[in-house]
Structure formats: structure tokens, C-alpha cells
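My questions all concern the structure below.
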């Protein structure tokens, strides 16, 4: 199972902590963390996942991977700039958005296009997002989706 | 000048007429119409542009171009599915959104990512969109942007 | 019908002339010229096509389109760098390679991947290329392919 | 360090064994194996790497990842078809080609475009490829490239 965590490359302390906890829980479930590989929410999720022995993948905008945060295990530099956002979504079985700016909005929209379950915490108000209030609730929803065949 | 018109592959009669008029005005300015090449708002804009002797480009999701509406002059099949949305935005000097669903939302978001001016008519309420109420007003805003160097 | 002309951004005078003549013939057939939009073989083909009133499309590596040669009508900046090569091939019904370096080689290879007819003049020796010696012969082969349903 | 192993989705028994050994050696060096994730040479390399406790990444043409061989740890479905080939190359610090068909040829060509070191075993004869005769020799060349700063 690949779970994408999306969100801004800058974020509040509160959202950093939520993303970190989400990374921890993803690792504890044995899922692979997919993200855009950069700072902010992405870094927090990677940091959390690594602290619990998980595997982290960063699908990066750059050609050389130097934009990766230190907690990315598998760097996938794409040289595509923001176009790499769609690859983050396509690689995922489910997507969790935490806060975020326009880049996150494009990933939310692509989640609908690509028919991936999209869960949101403190993020853009877009109809269709499964809104939850914590990392724990997000993971519970993903497990429910798996049980009912709602993801790949 | 390339102007992208984005919007749903299905749309109301009212929005079809706005898109058609926008296509006409784009052609009259001598601009090239860029779109996703399909039905609905895209077809309406192409139809309008062709009625005034303009040039229309459809950047298509399919491999074979058979999904193009009949008013596309230049078919660019990409085989990329929804990932072609980012190419529509990157090819444009300015973007106008009319109504639209999640595909349009991804293009709106990418317009911010790629720093393209994005004008909206009856579309998603996203902060930063330049909101106008008619095709005529959209073209006036684009001309103002050009005059002030606000587009490529 | 979209015909892609591929080849180096630098080329010999002889190959420039062949590409120019190919552009002329493509325009005379009423076909649209697709290319990578830059200098060398691409410029020569665009120049030829424009001299006969044809339409030229440049699918460009840059974000801003400033790398286009002066004979490109429709600029499609992609921001994808060399990854735009596959879009040149996918947009084409048939591909003609003239000389060229590694970029051209990637387009030749993609033509096989994407099952597009690929005709070569003074280019890489790759099995499966339909080898001809002149622009005229290339166009004759494309017309034969169309007649027998060998292209889209 | 990401090392891409490229080659056909079908291959001879001999080339399968070379790819398997290459996978083993890549894992023993602590490098990450990047590949297209499918059968043939890709499967052999993944099988070898897993037998030595390595990590394997498959950048897949499909939307759903069902085309992955059983030895891929990290599945990256792209929905891009053959266009995913360029991502395999961009994600790599060095590329090793074993045998292969036109898909492999496109990856070889992209390796030159993207200025990645490209080593070949029983593959296309293309000028500029560093030709070697065994998996062991390929790894020796990569280590030499690293020592001299010839890769990322």
C-alpha cells in the first residue's frame, strides 16, 4: 500500500506535528509513504515514518534530488517541476492532504481526476474531500476504505 | 499569444454561450486558442474561434486524437490522460476558466503553480482567481495584463 | 495529418536543405508540421513549410517558448526539457528523421514504442527505419502509408 | 545512489542471469535498484537485488501497478505508458543496459540527453555507451565513476 501525504513546503507547527504523527502511523501499518520529498508537511511525514522504521519515497521536482528532505529513503528526481504532482497522486492508493497551498490544491484536484480516495486535515475546502481532524482518524478512514475495496 | 480556455467537458447552455463568445473574441484579437480539445466548454470556445477565422489547438488526453471536438485545427494527442492538463496551462500566456469540474480545478491550481494569470467566470471559488462576469470582461483583463507586462 | 520532422538542433547545410524541402512538401500536401521547435533541422522544416503557406507547431523544451525558431506558428512550451521528445512523437501520424544526435535517437526509439511509422534520411542506422534518400521520397512513402492505412 | 537497470521485458536465459547477478551486486553495494518494474531483465535484476536484501523500485507504465514483477518493493505506477522511460533514467545516477528492444533504446538515448553515465552489456551498439561484458565489470565501472565524480 502506498499512502501519499501532500501539503505545503511550509506549514504551521501544529500541522507539522499532525504530519509527523501521520508518518508514524503509516509506518506502523507497514505502508509506504509517498510524497513530494521536500520540506514542511512532506518532511514532517518522512521524519515520522523513519522514526518508526518505515519507508519513505520522495518524487522530486528537481533533476538532481538535492531538494529532498533528509528523511527521504528513495529519491525519485523527475526534472518535471510542479508536473511531478500528478505522479505523487498516481503512485498512491490513497491521499491525505494536510494544510497546503496551490501545489496541494493541484494534487487534491488530481486525486479526484484519478479517482483516488482523498482525505483532508486543515486543508482546502473542496467538495468531495473526506474531512477528518487528526492523523489517527485519517488512518482509520484508509483502513475502512481498504476493508471495503475503496482503494487499489 | 496563447490563451487557454478551460472548463468542463459538459456545461450548461449559458456557459456554452460564454465560452463560444470568448472563442470569438480570442480569434478577433489574433490570439491562438489553447484548450484540452474535448466537448463542452472546450468545444464551445473552439467553435467560436473558428467562426471568426481563429486558430484552435487541442492538447488531448488520448493517444489517437479521436476525442477531439470538430473545431480543433491542431490536434496534439498526448496519451497522458489528465496529466495533459498541466500542458494546457504551460502552453498558455493566460488562462480563462469557465465553470468546470475537478479537471478544471487542477488546471486552476496549476495556473498558480506555473504563475500564469488565471481569470474565472462562474467557476470554482479559489482565492487569487481574477473573477469576471463575461467573455468581454475576460478579454479586457487579458489586454490589461499584456499592457502591464503581466503575462509572458 | 500531423507529420513530425525530427533532427538535430545543429545540422549540415545539405541536411538543412533536405529538411527545408521536406517542410515545403508537407505544406503543399496540406499536412501540419510538428517538430521540437528549435534550430537546425527543425528550423529548416518550419522555414520550408511557411514558405508554402503551411502550419508549423513547435513542442518546446522551455517554459517560456523563447527557444522557438522564428518560423513556428504554434508554440507549445512544455517545461519538460528532453521529455518533450515523446510528445513530438505522440502528436504525429508519421515521423521523418533527418540526421540528428541523441535527442533524435530517443525520438526514433519512441516512434517504435508508440508504433508510429518512422522514415529516415541520413540518420541513425536503426533496424526498422524506412530508409529513403530525399524529402520527395519521404513524402511518397507517407502517402503510400496513408493509402494502405499504415498511419492513424 | 540509484542505479537503473534497463533491458527488455523478454530476454535470453543468459541475459537474465547477467541481470540477476547485477541486481545482487547492486544490493551488496547498498545502492537502490531503479527499473521499469516489469518482466525479463527488470524482473531478473529485482530478483537478484532482493536475494541480497536490497531495495527495488519499479517505475511502471500502468495506472494500477499490476504490471509489476513480484520482486518490486516500491511500485510507482505512472499511467504514462512508454513515457515513463524517461523517469527511469532521470531517477538514476547511472544506467546499465542489458540487451533490450526499442524501449531500451529510448532509455539509452535519454541517458545521453540527461547526461547520465550509460553502461551496456550485450545491448544496442550506440556510440558513447561504456561497453562491458559482465555484471561485475559494470559495477566496477560505476564505482570508478563515483570515485571520479562522474555521476550525481
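Chains: A, B, C and D, in written order; residue numbering restarts at 1 for each.
In the analysis below, contacts are C-beta pairs under 8 Å (C-beta built on N, C-alpha and C of every residue); 3 or more make two chains touch, one makes a residue touch a chain.
Keep in mind it's a predicted model, so treat the numbers as computed, not measured.
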Which chains make contact with chain B and with chain C at once?
A, D
Interface check for copies chain C and chain D. Shared numbers divided by all numbers used: above half gives same, below half gives different; which is it?
same
Please compute the C-alpha centroid of chain B, do the same for chain D, then give the distance between them in whole Å.
40
Interchain centroid distance [CA atoms averaged], chain A/chain B, Å
30
Multi-chain contacts in chain A: which residues touch at least two other chains?
79, 83, 90, 114
Using the touch definition up top, name the residues of chain B that touch chain A in the complex.
82-83, 85-86, 102-103, 105-106, 108-110, 112-114, 126, 128
Going by the contact rule set out above, which residues of chain A touch chain D in the complex?
2, 32, 55, 57, 59, 63-65, 73-79, 87, 90-91, 114, 152
For chain B, which residues count as touching chain D in their complex?
63, 79-81, 83
